[in-house]
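Each of the next two complexes has chain A plus one more chain, namely chain B in the first and chain C in the second.
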Partner chain A sequence: MDQLTQPTNLSEQEILDVLKQFITEVIGEEFVEDLEITPQSSFTKDLEMDSIEIVAFSEKVKAHFGRNIDFTGWLSNMDLDEIIQLNLGDITKYIRSCL
Partner chain B sequence: MPVVDLQHTRIHLQEMNTGAAETVLMIHGMFTNLSIYYFNIAPILAQRFHVVLYDLKGHGMSGKSSHGYHLQAMSDELMELLEVLQLDAVHLAGYSYGGLIALKTAARFPQKIKKLAVIESPDPYEQETMSIVDIYSKELLLHFINGQPGHALQPGKRQLERRHRMYEFLLKESSIRQDMQQERHFFSSEEITAIPHETLLIYGASSDCAPAGRHLQEKINRSRLLLVNGDHNIPVQEPMTIGHELKNFFETDL
Partner chain C sequence: MSKFLFVVPPFFGHISPTLSVGASLIARGHQVAWAGIREIAPAHVPAGGRFIVPHAELEEHLPEIQRILKRQDDGPHISGAETLKLALEETYLPFCRFLMKGLPRIVDEFQPDVIINDCITFAGAICAYNKGIPCVTTTPVPPDVGGDAMSAPKVHAWWVRHIMALQEEFGIYAPASVVNSDKLNIVFTSQEFSGIAHPPPHMKFVGPVKGRPNDTPFDWKRLDKATSPKVYVSLGTLLVDIRREFFSKLVTAFADQPLTIVAATSPDIFEQWPDNFMVQGYVPQSQLMAKMDAVICHGGFNTVNDTFMNGLPMLITPIAYDHFHTASLIEKAGCGIKLRYKRLRINDLRSAMWQLLENPQYRNAASRIRDTFIQAGGNSKAVEYLETFVEECKMINVKFQM
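For the complex of A and B:
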């Protein structure tokens, strides 16, 4: 269940753990078991997420971290190639910079 | 995941800027999903408008349905969606097959549509252009997926299997192909010439569908044709141009 929180002072590792949970919810536990999810993991190449799964992931990020971050606005400045090549470390850093 | 239950199917949708006074509803094309708008085009429109994106049935994260993919059924479902969302009248934009649904909806329910935008919709009579529906095979599917501009990376095995399942369902287990064949004469029908709305037609300058855009321009009285650089994949190739052109078009005279 997505939950709106007011996270403060979260470490990059804590943010990464939340993002890993979202990825598990989006692509399913059975697929995640075979994956090693690290800050270097990219959506498409490593996690094999397609664009509609990235939408679902983005919505979970927005629902969880709330108005502190403009995740869709951040993504909207990128073209689709840049978005699918984003890695989790990039997203973690962006979220942390907004908190 | 935001979903609404319609009479025959469950629809996944996304909304942006829900507080805005005017709504733009966007319809994606065949074999794609709402993500074609979500990352670039919709956020530009959401600077000014409430934006509603939804996955057509059988696509994206919406429910599967074995039948009812002809334009009348699809426009009926769009009306049902407006009712559920309590939207009185909206601006409507559709890409490819979604543009055909938009045209049909504008023709059947003119009072529910304010302005109309059609992006790269093929003439259903041109079976060569529509032949994506007929070229299905595993080998051609791989060519199709790998040939999509904007996707520099090769899709992984899980992605390929997901897409394969979608094609398998839509083309072999649903009536989508027969339903579109029965729409062959849509562009020559009187409903097209009767469309009263201000209409923006956006086509790729090097697209095989560009003649269909010129055809619609001749048929729809209050229409304007805009050619942008690219082919049928202009939402991926030129999302910023399309987003800003749509925004300018919908906000004029507001």
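For the complex of A and C:
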């Protein structure tokens, strides 16, 4: 029997590819060209996303991966060092844990 | 007559409004002094006032003070969360500790009736608390009540933890923060512009205060001959590399446009400027504003205040620190357009500028902000609050002594 691919089966790499697409949409293709986006890319320092961009990004994440993902709630529970260190790999893992 | 002591940080944007209010207090016959960790140009100190730096106590810390001042240049290159750490842990706290070495002596010698501490210069309020002197706070930028990062509980807890530890270092075991006054906090913008619907009662919005006259020469004839819309550009005193990059974008965007650009920057960052650019390092900013049609700046608060006092629309390109908060207030008020400096596109620059010049809604909104600024009362209102405060404190003192 055919079955739709469940989001749970998504690998970290697949999630990362979707996130890369969202980042491109949020900050603009011409600015992404200069960035190397990897799981180690830090959200605020390497990608230099400001709060408005982060909100736009999290809306896209929610729309795609489902309402269980409380991205801004997750962020607001961090301390400063966690926010500074936060990278795309952390976000990928968080999304996977919510699926 | 009373004695007022302003306690200020080594950042001119914070010092500038206190110089203006101080000059008004002196004109009313009061005695006024300033205390800080770095001298300012003597020409800036209002006649009759004194700027006191406790050099003897600070001497051993000079290299560290220099290092911290230099560190501020990293602001544009680090994230918002890192900027918060840089501000509190690497700047405000050490500056407070340095100033506390000499401030108590200055206070004992000057014997102020009131200490007026700038909002990030905690030493003033701590010293006032320890010596039982009434304390007022001045806030030069619209306070970011519940800012993005600060609204996160752990980030807020981090801030409070540092403030309480600092207070304990100086023997203060109060259950709450005393580093800003809870009696009177004078804010140099209007309540409407600040976007704070229900400010605490001690927060008083007096709007921009007037500076001293600036008689820097300028090529007024050339400016008056220009027939195209005039746009003033200022980037404050930021790094030279940012300046080059920023102005090269402006040149690309506006060189072939029917605009006259007045750029407040050293002309030698480029060998040649387009014909429609007038470039000068130091300019008589307030007088220039009166002749402009729009302003481009990063969000330094003195320029923001000058812009809206003249009812001009603004293209704001926030770079670091409080610029983002100021930019969001400008967008909310409808008196300008925000373009983030980090991702600045030439086409966006151009179309935003023509929007500002051709769509009257921006200028109308800027005029509304000007009205709120003027109604806030400026210098005379600030002086009124301070005089009333000091008289009330003296009366309470007399009662206690009876």
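Everything below uses one rule, namely that the second predicted complex is superposed on the first by the 86 of 99 C-alpha atoms of A that agree within 3 Å, B and C clash if a C-alpha of one lies under 4 Å from a C-alpha of the other, contacts with A are read in each partner's own complex, and residues count from 1 in each chain.
Note that contacts are C-beta pairs under 8 Å (C-beta built on N, C-alpha and C of every residue); 3 or more make two chains touch, one makes a residue touch a chain.
What you see is a predicted model, and the numbers here were worked out from it, not measured in a lab.
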Contacts of A:G73 with chain B and chain C, given as first, second, both or neither: first
Partner chain(s) touched by A:F31 [first = chain B, second = chain C, both, neither]: both
First, second, both or neither for A:I83, with chain B first and chain C second: both
Partner chain in contact with A:A56 - chain B first, chain C second, else both or neither: first
Chain B versus chain C as contact partner of A:K45, first or second or both or neither: both
Which partner, chain B or chain C, touches more chain A residues: B
Footprint overlap on chain A, comparing chain B with chain C: 27, 31, 44-45, 48, 50-51, 75-76, 78-80, 83-84
Chain C - residues contacting chain A, complex: 78-82, 84-85, 148-149, 151-155, 157-158, 324, 340, 342-343, 345
Contact set on chain A toward chain B in their complex: 27, 31, 44-45, 48-52, 54-56, 58-59, 72-73, 75-76, 78-81, 83-85
Interface residues, chain A side, partner chain C - complex: 27-28, 30-31, 42, 44-45, 48, 50-51, 75-80, 83-84
Contact set on chain B toward chain A in their complex: 1-2, 14, 16, 33-36, 38-40, 43-44, 55, 60-61, 150-153, 155-159, 162-163, 236, 239
